[in-house]
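Input: structures, listed below.
Common to both upcoming complexes is chain A, partnered first by chain B, then by chain C.
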Partner chain A sequence: MKRIVILITLTLCFLTESQGQTAKEWLDRIDANMAFMTAEFTAKMTVHHPNGQERMFRFVSKVREDKFALMEFVDPPRERGTRYLKREGNLWIYFPRQDRTLQIQGHMLREGVQGGDFSYEDLTESRELEEMYNASIESETDTTLIIFLEAKDMTVSYPFQLITIDKVSSLPVQQLYSGIGNTPIKEMIVLETLNFGKRKFPTKMEIRSLLVDGKWTKLEFEAIEFGVELPPDIFTKESLEKKH
Partner chain B sequence: MTLLRLSLRNLTRHKRRTIFTSLTLCIGLSMLIVSMGFLDGADRQSFDNLIYYQTAHGKAMMEGAFEDEFVSLDYAFQDADKIVENVRIQSGILAATARLRSNGMLISGTQEIPVIVEGIDLEFDSGVFKTLDAIVAGETLEPGTSGALMGEMLARDMEMQPGDIFTLLVRSAPGALNPIQLKLDGIVATGNPAIDRMNVFLPLHLAREMFILPDGATEIAYKVNNEKKVPEITEQLQDELPALNWYTWRELSADFIGFADLKRIGSGIMLSIFVIMAAVGIGNTMIMAIHERAREIGTLRALGFTPSSINKLFLLEGAYIGIIGGFIAVILGSIVVLLFQKYGMSLEQYGDMDIGYPIRDRLYAFWTLKSVLGAFIFGILLSLIASYGAARRAARGQVVRALREGML
Partner chain C sequence: MNSFRLARRNVKRDSRRTILTILAISIAVLAVTFMDAYLRGIKESVLDTVIRLESGHIKITSSDAKKHSRGIPLDANIQQVSDVLATVEQSPYIKIATSRIKFPVLMDKPGGSLPAIGNAVQFSKETELLEFEKILIAGNIPQDTSYGVLLGEGLAKSIQKTVGDGLFIVSHDAFGGLGPGLYTVEGIFRSGIGIYDKKFFYVPLAAGQDQLYMPDSALEIICLVKNGLDDSEAANKDVQERLQRSGRGDLDVVPWNQQNTMAAMVGNMGAIYFIMMAILAIIALTTVINTVTMSVMERVKEFGTLRALGYTPWQVMRIVFAESLLLGIVGTIAGFTVGIILALVLQRVGIDLSSGLQGTDLPMKPIIHPHPSILTGVKSIIYGLVVSVIAAVYPARVAVRIRPAEALRST
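After this line comes the complex of A and B, so read on.
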């Protein structure tokens, strides 16, 4: 789950040079805000469909670095107890009603999580953006920096991305995802950031489809705690399938 | 000969009873014939639909593609044009074509719907499939252009007309998403709900460009010059071109064929119960007849008829009822089946409901000698079985008691 949160920030890890600051310096500043060893949070995801229908999901997630996450849905009641385990690039889902575990792989990775705009692939992608994209600075103002990413090959979902960074908070505020031909597909907008001690962290964001009018997914962090103690055996299939 | 004449005379002596008993059987058998006619028609129409629009006479795919329910590009292959050329020169092959098939999202305004995107070779596809003949609105695809065709139900669900622009979002073979705007050139109504509800057809060159698969395909479809030789030719293709897995249309439709067979068995059982009930009526009538004719049976026995002859006499009467009922049922049932074979039955009242067959709009019955003859013989056998108990009772009766008391 951390992947979603910091997806947009990791893009900066390989940036070349902007006026006055190098990519490395940007990365350090953003990492200071975003990177954590462990975290536990409760979040609400709202999937809005063009017909006006909205589905709300609430989940709690425990995360260690970028590689391990255990997420459990607590709302709505129909989804309660459904768990996702991310472990070094692999993803499993446990369905309590059927007492069944399914590994998400192959084509299924490209499906949207709970019908929303985040794909399973977004959750599991473990390659660093530096490996996948060439970056260039598109434009820069006093307060923002826009970076253009172009995929090195066509194996990535979005061959083009445009990231807007707030230079004051050192956080990405907008990210535009485009397909082949640089046609925009969706955009992510950070709606709110909060201070956690010395750390700034985006706590509310929206991902909006640019192809389907009126389709968006909103993610809001309701509670976040960094640096929590997590038992070493928590990111295992036993934990995933554990009955309450 | 005497027995034949006697049994016939007995039937004509009790005309009303004979007519009613035969009629009961006739109704049951007619229903059986009509139902079998519809099942035969549904099978025939379904198989035609599958062959013309889905499976062709056979297809070649990569191993695992047939089982891939996501219709992904994981099983696409290259050098498709060369393989198709090779297939065309094989003996028994009438035509062959490559298709490139994968999933995608069709987007128009606030609507998005998952679809199957199918690239078709405009030069060769019509030799194998009838898709391009099924255009009901707009125009066909032209080579080199960038238009699309869409299934009729899909176009209706998306409220689209020929000339409308829509977006197709697909994932290319390497993995990158590719949103592309297309113009809807025409609408196809194949009569196969799986196609009409899900499919978007593009020229093969455009699909290859979208999926970044130059010279790629997911299947090679072929048509043979003799349908009976499909298995033999498919085996021959498998030997000649082993890099792909070759399937006959029956193998590709195995799930549907299994389902259709089950449906046939189920319907057969239901209708047989109805016919058996009619046969019970025959048995009942025969029992009443032997009791009414106890003195007559006694007289025949006194004149030298053996119990076996009496047995045969009543069995023959039952058989005659079966023949009369069956004969009328064959005529009535055949008329109904032939009428529905010509005009069909509208399925409009079912709307988009899945009736389990790849058929929509009209269901046509199909008359087969096998089904009609089967029902006729089934009727006679059933009548014989139903008469057996009464005939046996008549044969075992005591002569003196029958003559004196009129009881067996």
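After this line comes the complex of A and C, so read on.
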């Protein structure tokens, strides 16, 4: 009897350790798929409001290592020339009509970009998932895997996440973001992924608020180029405030 | 002998006690007369201020706005507001109809940020409502087409801005995005209402609409009715019907007294008035009961004699009531005369509460003008007479219970 108890205990310990490693491995795979040195892309963001109104934005973004980004809105005309500079965790917005720059900080970082469902913090967060969360496998099928993430530090935007991963592409296909108390806040669904050489990358996604009925944001990458040459002085405030 | 003649003779007997009783009734009636006029003045001041600044006689909002229990719902706005205004202005009841947008902002100030409340208004239409000419203390009132801002005095001090300075404001627009606005401080106002002077600023409606991404939209339409409060219900109904007919059933039309803040405020004032009147009545009653009872107790032998001479308990009771009523009539006339003169003088001069109101958020003018009315007179006279009659009940019962034999035996 004693032997059986020891055997079960050892098996459970082994399984737990094995699952933890597997979840970590999957996170590493996602991070590897999504990570890049430099990229330039044009994207279209559609924000659907509960009152039925929709606003479409188009922006061009230059990114280096997830830590530096310069984003410029080209559409609609009202937003044309508005630029966002992300630099080592800080975010500034330049408003061309007023020729003024505003640093987004504190609680404002958790508000939606252009009233949409992607927050400024979503844009500025550059740490890898594995660094911020403890991961465990929730369930698994032949084609998908669900990983539960629990934040190591509860001050992050989403203390809990549930990620459904496509085993073939090693990309998340669905992501449920939850707040303190594991209350779901929003849900992201990947609608399309494309191959860029050996890399698979989500190019169309929709994020839906679970707190406000009828509110969602769709993001479509219209053009993406990885490994582009970016001048060293591009991610500076001078560049942000440069007039065309 | 006639009860009143007996009563008149009795009140003359002890002039000190009579004066004391008349004084008690006079003071109570004076206080009632003055307080009625004073509270009426406060109520009118609060009503006038809230109607001009917040509620109008009628307020029109999007029916979606009531779904938001907190905050300022910029997304629940009135679209094609110029068409709505045109419809509203056709109503024969409406004197002024103007669009407004209230929006919260965070302003930069040395050492941090400061929450403030912006108000986008049509300055040219707000003359009678917001009375900018009266409250402006520096600079000018911005033009409707400008990007000028009018700052509350306290707010201007907090953010260290003065006339001519630039002011960059970022707020949320109607879609929840960031709405930046660059303005020039054109004027500074002092309204005397704490929250308005410390937190509020005004910008032209067109500039606000641009900043908040609300083209031809507003958060509310404030209406003043030609005949004021008297016609507000009828005006409300008329405007509602006109909007329905023009296909704008998506809007709520609410009269001033059905807007939550106003109803609560007026309700509280009624309760305060009732409590004050009750306290004054108790003070007057106890004094009058005391003096009339003393008068009765001192005349036990006299009442005993009257009973022995064949006076019925009812006739004795009438003498006591007549005595009290006589004192009440004199006291009421004296108290009402002094009270009404005081109220009329202060109606002209005004009572300056500015030092007391400084820093408070009470929506009222710093100078209160008591407003006596015919109703004030009627109330005070009834009050004085009723108090003196009620005060006689106990002494009258004492007088009736006096037994003639015992009374005549007493020394």
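By definition in this document, the second predicted complex is superposed on the first by the 206 of 244 C-alpha atoms of A that agree within 3 Å, B and C clash if a C-alpha of one lies under 4 Å from a C-alpha of the other, contacts with A are read in each partner's own complex, and residues count from 1 in each chain.
One rule holds in what follows: a residue touches a chain if its C-beta (ideal position, glycine included) is under 8 Å from a C-beta of that chain, and two chains touch if they have at least 3 such contacts.
Because the structure is a prediction, the values reported are computed rather than measured.
K.L.:
Overlaying on chain A: chain B and chain C, fit or clash?
P.N.:
clash
K.L.:
Who does A:I137 touch here: chain B (first), chain C (second), both, or neither?
P.N.:
After superposition on chain A, A:I137 lies in contact with neither partner.
K.L.:
Quick check on the superposed pair: does A:N51 touch chain B, chain C, both, or neither? Answer first, second, both or neither.
P.N.:
After superposing on A, A:N51 lies in contact with both chain B and chain C.
K.L.:
Counting only touches as set out at the top, which of chain B and chain C does A:G112 meet: first, second, both, neither?
P.N.:
After superposition on chain A, A:G112 lies in contact with chain C alone.
K.L.:
Quick one: classify A:V60 as touching chain B (first), chain C (second), both or neither.
P.N.:
Touch partners of A:V60: none, neither chain B nor chain C.
K.L.:
After lining up the shared chain so the two structures overlap, which partner does A:V74 touch, if you call chain B first and chain C second: first, second, both or neither?
P.N.:
neither
K.L.:
In the overlaid three-chain picture, which partner chain does A:I185 touch, first (chain B) or second (chain C), both, or neither?
P.N.:
So A:I185 only meets chain B here.
K.L.:
Considering only touches as defined above, state whether A:M154 meets chain B (first), chain C (second), both or neither.
P.N.:
In the superposition, A:M154 contacts chain B only.
K.L.:
Report for A:I234: first if it touches chain B alone, second if chain C alone, otherwise both or neither.
P.N.:
neither
K.L.:
Please state which segment of chain B collides with chain C in the superposed model; the candidates are 257-265, 293-301, 311-319 or 383-391.
P.N.:
257-265
K.L.:
Do chain B and chain C land on any of the same chain A residues, and which?
P.N.:
The overlap between the chain B and chain C interfaces on chain A comprises residues 50-51.
K.L.:
Under the touch definition given earlier, write down the residues of chain C that touch chain A in their complex.
P.N.:
Against chain A, the touching part of chain C is residues 64, 75-76, 168, 170, 172-173, 175-178, 180-182, 213.
K.L.:
Spell out the residues on chain A that touch chain C in their complex, using ranges where they run on.
P.N.:
47, 49-51, 53, 55, 78, 93, 95, 97-100, 102, 111-116
K.L.:
Could you list, by residue number, the parts of chain B that touch chain A in their complex?
P.N.:
So the residues of chain B touching chain A come out as 70, 72, 74, 107, 109-112, 167, 169, 171-172, 174-180, 212.
K.L.:
Would you mind writing out the residues of chain A in touch with chain B in their complex?
P.N.:
Where chain A meets chain B, its residues are 50-51, 106-108, 110, 151, 153-159, 179-181, 183, 185, 211-215.
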